[in-house]
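Across the two complexes that follow, subunit A remains constant while its partner is subunit B and subsequently subunit C.
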Partner chain A sequence: MARKILFNIFAWMVVLMVAFPLFWMLVTSVKPQFELFRRPPSMLPETVTFEHYWRLLSDTNFLGYFWNSVILSTATTFVVVTIATIGAYSLVRFRYRGRETLAFLVLFTYLLPSVVLILPLYLMLVELGLSNTITSLVIAYTTFALPYALWLLRSFMAGIPEDLESAALVDGATRLGAFKDVILPQLLPGIISTALFTFILSWNEYLYALVLVNSDESRPLTTGVMNMLISSFNIEWSLLMAASVMMSVPLIIVFAFLQSYLTRGFGAGGVKG
Partner chain B sequence: MRHIMAKQQQTLLERRYSMLGLFLIAPTVLVFCAVIVYPLISAVYLSLFKIFTPTLEGSWVGLDNYRVLLSKGEFWTSLRANLIWTVGTLSLQIIFGVGMALVLHQNIWFRSLARSLILFPYFISTVVAVLVWKWLFNDLYGILNHLMITAGLIDWPIDYLGSMPNAMISVILVGAWKYFPFVVIAVLARLQSIPDQLYEAAKIDGAGPIARFFDITLPQLREVLVVIIMLRAIWDFKEFDLIFLLTGGGPVTSTQTLPLLVYKEAFALNQMGMASAYAVIMMLIMLGFMLVYIRRTRSEES
Partner chain C sequence: MADVVLSNVNKVFGTFTAVDGLNLDIRQGEFVSLLGPSGCGKTTTLRMLAGLEFPSGGEIRIGDRMVNDLAPGQRDIAMVFQSYALYPHMSVGQNIAYPLKKRGVAKAERTAMVAKTAEMLQLTPLLNRKPRELSGGQQQRVALGRALVRDPKVFLLDEPLSNLDAKLRGYMRAELIELHQRLGRTMVYVTHDQLEAMTMSDRIAVMESGKLQQFAPPQVVYREPANRFVASFIGTPGMNIVDGELLQENGRWIFQSQGFSVDAPNLGPDAQSGAAAMGIRPEGLSIGTGPIEGVVQLVEQTGHENIVVARVGDGLRMTGRTNPDQPVRAGETIKLSIDANKAHFFAEGATGKRLNKAAATSDGPAKSQSALKEATS
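And now, the complex of A and B:
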C-alpha cells in the first residue's frame, strides 16, 4: 500500500514537471507586470489580472492574426479532407494500374522535408501572383496535409469490413450509393479525427507562413505572434504568454471534448505508419 | 453460353469500377502533380542554376553548386550539428517516452488527466513551446535559473541559448520535451495489447519486475520501437521551426542544422540555386531512411 502511494506521488511529480512550462505560461499571463520581475518569483499569482489579455485584443493585431489562422486552417482542412476521403476510398477499394505506385508516393511525400518543396513553391506562387495571400498558404499546406490525411484515412478505410459494401451492392446499390450510405457513416469517426489532425497541423505551421506571407493582412498566428516578439523594443513576456494561451485555446477545446478522436488518429497513422 | 455472358458482364463491371476508381483518385493525382511532383523536379532543376532571390534572375552553372557545397566547411558542420541534434533528441525521446509509458500503464490516480497533460506539449504550436521556453530560460527573470540557484546546483545564471555547448543541449532538451509524447502514446497502445498471461507465467517462474521488463516487455515492444525510431529520426532530422525559433542556428552556426542552412542560403544570402542544392543533398541523405521505412511499412501490409 505504501509502495503504491509512493509510486503515485513519483508518477505525478514527473507528470507535473512535464506540464510545468504550460502551467508557468498560464501563471505568467495573469500576473500583473510588477509581480513578474519580483525575486523570488511567486509560484501562484498574488493578484490575478486579465489586463494583458485585454491589451492583446485591443492594442495589437492579435485578433486579425487569429482570424487569418481560423480561415486558413478551416479552408485547408476542408479542401484536404474532401480530396483525401474520395482518394483514400479509391486507393483502398478499387483496382487499377498505378495504384501501388501512388500509395508509395503518398507515403514518400508524407516523409518529405518541406524545405525541399518550399523554394520551388515560393517561385511558383510568386509567378502566379499569389504571394502574400491566404490562398497561397492553403496551396502550400496541402503539400504536407494531403499526404498526411490520405495516409490516415487510408488506414481508417482499410478497417471497414468489405462485406458491408458488397451486401449493399448485391441489394442493387451503385458503387457511389454504397459509398454514401455505407462507407461514409462508418468512416465518420476517422474523418473527424483526420480533420482534427489536419486542422492542428495547419494551425501550428510556421515555415511556409514565414516564407510566403510578408504582410500583416494575411499573416497567421504563428508568424504574427513571433513578429510581436521580434518587433517590440522590450519584450513583454506577460503579453506573449497571454498570446500563447490564446493561441492554444482551440487545442484546449479539442482536448476537453474530442480527445478520443485524437487517440484514434494516433493509432491509425502514427504507429502503424 | 450464359456462363460466358456472365463473365463478360463481370469484366465489363470491373472495367467500369476501375474507371470510377480512377475518376475518384483524379483530384488527388492532380494536386499531387501540381504541388509536390512538379516542385520536387524543379528543386533539382533549380539547383543547377545560380539564382539571385530578390530578382529571381538565374544563370546555368551545372553541377557547380554541388561542387562548391561539398568543399565548403559549412555543409559539413551543419550536417554534424544535424546529426548531433537528431541522435541527442531522439534518444531522450525514446528513453523518456518508454519510461513514461510504463508509468502511465500502471493504475495511477487520475490516469486520464495525467495522460492529457503528458500529451499536451506534442500538440501545442512550436511557436508557443519556444516562447514559453525562452521565458523559462530568461537570464534575468527566468524561473529555471532561479530554481537551479536556489537548489544550489549553480552559482551564477546560465546562458542557456547564447553559448556552446549550452545552446545545443537546450535545443535537444526542448525537442525531447516537445516530441516524447508521441513515443508515449505509441508505446502505451502497444503495452495495452501485451497479454497478461505472459506476466503471470513469469511471476510464477519467480521473475522480478526488472527481469520481467527485459524478458517480456522489451521484446514485445521491439517492433513498435523500430517503427517509432525510424519515423522520429526522419522527422527530427528535418526539424526547422524549433531550432530556428530557439537559437536561429546560433551562437554563430553551432546549432545550424541543414534545414536552417537551406533557409539562410535562400532568404538571407539570397542564393536560391545554392539553397536548392543544399535541399536536394539533404533529401538524398534522408532518402535511405525513408526508403527503409517505406519498404518496411509496405511489407507489413501485404
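And now, the complex of A and C:
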C-alpha cells in the first residue's frame, strides 16, 4: 500500500515536470507585457489579454508560415504513407531475392544521424533547382521519415493474415482489389500511426528547414517564428509563447481525433486459430 | 464425367517437394477428401486447385478448362479456409455479398441471394453483426455462406471443422453431408482427421510426403489399404502392425514374428519370402483363447466396448476390442488369436505395398454411392 502511494506521488511529480513548461507557455502568452518580468512571478495572470495573439495574426507573417507548415507536413505525410504502404506490402507479401537485406538496408539509412546527410542533400537539391522551396523540404523529410514508416507498416502488415487476401482473391477480387477492399481497412490503425509520426516529425523539424530554406515565403513555422521573434537584441517572449501555443494546437487536435483509432482493436475476430 | 483432373502435378518450394507427381480424377458431384498427416501436401494441392499456388509441373483441369494459369477468381471455385478468413471490417451480410459484388451482380439481386443463403444457414438474425461478435460455429457458417452464395462449380474446403469443439464438429459434419447431397456440387475437402474423411467422402485420397498413396472409397481404404502407410493411418484405434518374415512351407505361406506365426492364406502373386509386415485391425484379434500370450497393459472403456492394449513378446503392443462384460484387467495375462482371413500383409518399408490378393473391384462402391446420392437429391 505504501509502495503504491509512493509510486503515485512519483508518477504525479513526473507528470508535473512535463506539464509545467506547457502550463507556463500558456500563462505567459496571455499575460500583459508589464506582468511578464515581475518578481516574484505571478502563477496565474492578474489580467488576461489576447493582444499578443492579435498582434501575431495581424502584424506578422505568422499565418503565412503556418500555411507553409500545413502544406509541408501534409504533403510529406501523404508521400511517406503512400510509398511506405506499397513498400511494406511488397516486403511482406512478395518473395524475391534480397528481400530481407533490402529491409535492413532501409533501416540502416535511418540509423545515420540526419546531420550527416544535410550537406549532400542540400547540394543535390540545389543541383535540381529546388533550393528555397517547400518541395525541397518535403523531399528531405521523406528521406528520413520513410525508413521508419516502412518498418512500422511492415510489422503492421505482417500481422494481417494472408488467408484474408487469399479469400478475397478466391472471391473474385484482383490483387489490387483485394489490397483495397481487405488489406487497407485492416492496415488503417498502422497507417494512422505512421501518418501521425510523419506529421509530427515534419511539423517540428528545425535543422533542415534552417539550412535548406532561406526565403521568407517558403519558411515553415519553426524557422519562421524563430527568425521573426528572436533577434540578437531582443526576444519577444509574449509573442513567442503565443506562437508556440498556436503551433501546438493543430497537433493536439489531430492527436485527439486519431487517438481512438490507434487503440481500437480493429482486426479482432476476423480469423481464428 | 470427370470434373476436376490433376495430371502429374508437382509443386516444389526451393529444394522441398511438396507435391510429387499427383494424379487425381474427381467426378462431377463427388465429395473427395484429401487425407494425410501435416506436411503431406494436401493443403498445397488444394491451394493449387484454388489458384493460390501455381504448380511447378503437370496440368490441372476444372470442367473442360485447363486452369494452370488462371487467377483464383476466374476458376469458378469457392473456398472455405481453416481460419475462416472472414473480413473483419465487414458485417456478416457484406461478407457473404462480397463474392457477388466482385462479379458485378446488381445490388437488388445481391441482397436477395444473400438473404436466401443466410436463411439456409440460419444466419438471418446475424446479418448486421461483425465477425468478431460471433461464436466459432457462427463464424464457420458465415464462411460457408460466402462460399455457397455464388453456386460455384467446385467447393474447396481446407480443414473447415478443425477449430470447432468436438460436439459442434459432429453436428457440422452432418450438416456438410446434407449440404453436399442437396447441392450436388463437387467438393474437395482437406483434413487430417480420418474420421471426417471416412464419414463424409465418396472417395478418399490418402497422401503422404507429397505422394498419393491410395484413392478409393472409404470402405475400400479401410478394408483393402494399398500399403502399410494407409493401413496404419486409417482406423481408430489403429491397425496393429507387426514386423516379421514371410516363409513358404509346403506350398503354404506363413508369417513368422517374435514368438508366434500365422497362416497367410490370401497372398497375391507379388508375395516374396523375406522381411515383411502383418497388419491386423483390433476387431481381427480375439481375446480369450489362442496361441499368443500377452500381458494387459491398459484397458480403455468407451462404454459400448473396451479397448485392450496388451504387450506380446518383446515390447510388441497389440490392441484389441472386447465386450465390456468380459472382465479384463491391467496386469492380467491373456490369450490372443489372430483371424488369418482378416490379416493384411505388407512388403518391407514404411509404404510397403499390400501383398494380399486383390478384391473383386475397388471402384464399384463409389459409383453406387454417388448414384444413390443423385437418386436422393
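One rule holds for everything that comes next: the second predicted complex is superposed on the first by the 241 of 273 C-alpha atoms of A that agree within 3 Å, B and C clash if a C-alpha of one lies under 4 Å from a C-alpha of the other, contacts with A are read in each partner's own complex, and residues count from 1 in each chain.
The working rule: contacts are C-beta pairs under 8 Å (C-beta built on N, C-alpha and C of every residue); 3 or more make two chains touch, one makes a residue touch a chain.
This structure is a prediction, so every number in the text was calculated from the model and none was measured.
*Asks:* Going by the contact rule set out at the top, does A:142 touch subunit B (first), subunit C (second), both, or neither?
*Replies:* first
*Asks:* When the two structures are overlaid on chain A, which partner does A:104 contact: first (subunit B), second (subunit C), both, or neither?
*Replies:* first
*Asks:* So in the superposed three-chain picture, is A:241 touching just subunit B, just subunit C, both, or none of them (first/second/both/neither)?
*Replies:* first
*Asks:* Which partner does A:167 reach: the first (subunit B), the second (subunit C), both, or neither?
*Replies:* second
*Asks:* Return first, second, both or neither, reflecting whether A:207 touches subunit B, subunit C, both chains, or no partner chain.
*Replies:* The first partner, subunit B, only.
*Asks:* If you count the residues of subunit A that each partner touches, which comes out higher, subunit B or subunit C?
*Replies:* Of subunit B and subunit C, the partner in contact with more residues of subunit A is B.
*Asks:* A:41 in the overlay: touching subunit B, subunit C, both, or neither? Say first, second, both or neither.
*Replies:* first
*Asks:* Between subunit B and subunit C, whom does A:199 touch in the aligned arrangement: first, second, both, or neither?
*Replies:* neither
*Asks:* Scan A:53 for contacts with subunit B and subunit C and give back first, second, both or neither.
*Replies:* neither
*Asks:* Per the definitions at the top, what is the overlap between the subunit A residues touching subunit B and those touching subunit C?
*Replies:* Touching subunit B in the first complex and subunit C in the second, residues 266-267, 270-273 of subunit A appear in both lists.
*Asks:* Could you list, by residue number, the parts of subunit B that touch subunit A in their complex?
*Replies:* 14, 17-18, 20-22, 24-25, 27-29, 31-32, 35-40, 42-43, 46, 56, 100, 103-104, 106, 108-109, 114, 116-121, 123-129, 131-133, 135-136, 138, 141, 143, 146, 150, 177, 182, 185-186, 189-190, 224, 227-228, 231, 234, 237-238, 240-241, 244-245, 258-259, 262-263, 266-267, 272, 275-276, 279-280, 282-283, 286, 290, 293-294, 296-298, 300
*Asks:* Can you list the subunit A residues touching subunit B in their complex?
*Replies:* Result: residues 7-8, 11-12, 14-16, 18-19, 21-22, 24-25, 28, 36-37, 39-41, 83-84, 86-87, 89-91, 93-96, 99, 102-105, 107-109, 111-117, 119-121, 123-124, 126, 139-140, 142-143, 146-147, 150, 175-176, 200, 203-204, 206-207, 211, 221-222, 225-226, 229, 237, 240-241, 243-244, 247-248, 251, 254-255, 259, 262-263, 266-267, 270-273 of subunit A touch subunit B.
*Asks:* Across the complex, what residues on subunit A touch subunit C?
*Replies:* 161, 163-164, 166-174, 177, 181-182, 185-186, 266-273
*Asks:* Which positions of subunit C touch subunit A when the two form their complex?
*Replies:* 47, 50-52, 71-73, 77-79, 81-89, 98-99, 102-103, 130-134, 136, 139, 146, 162-163
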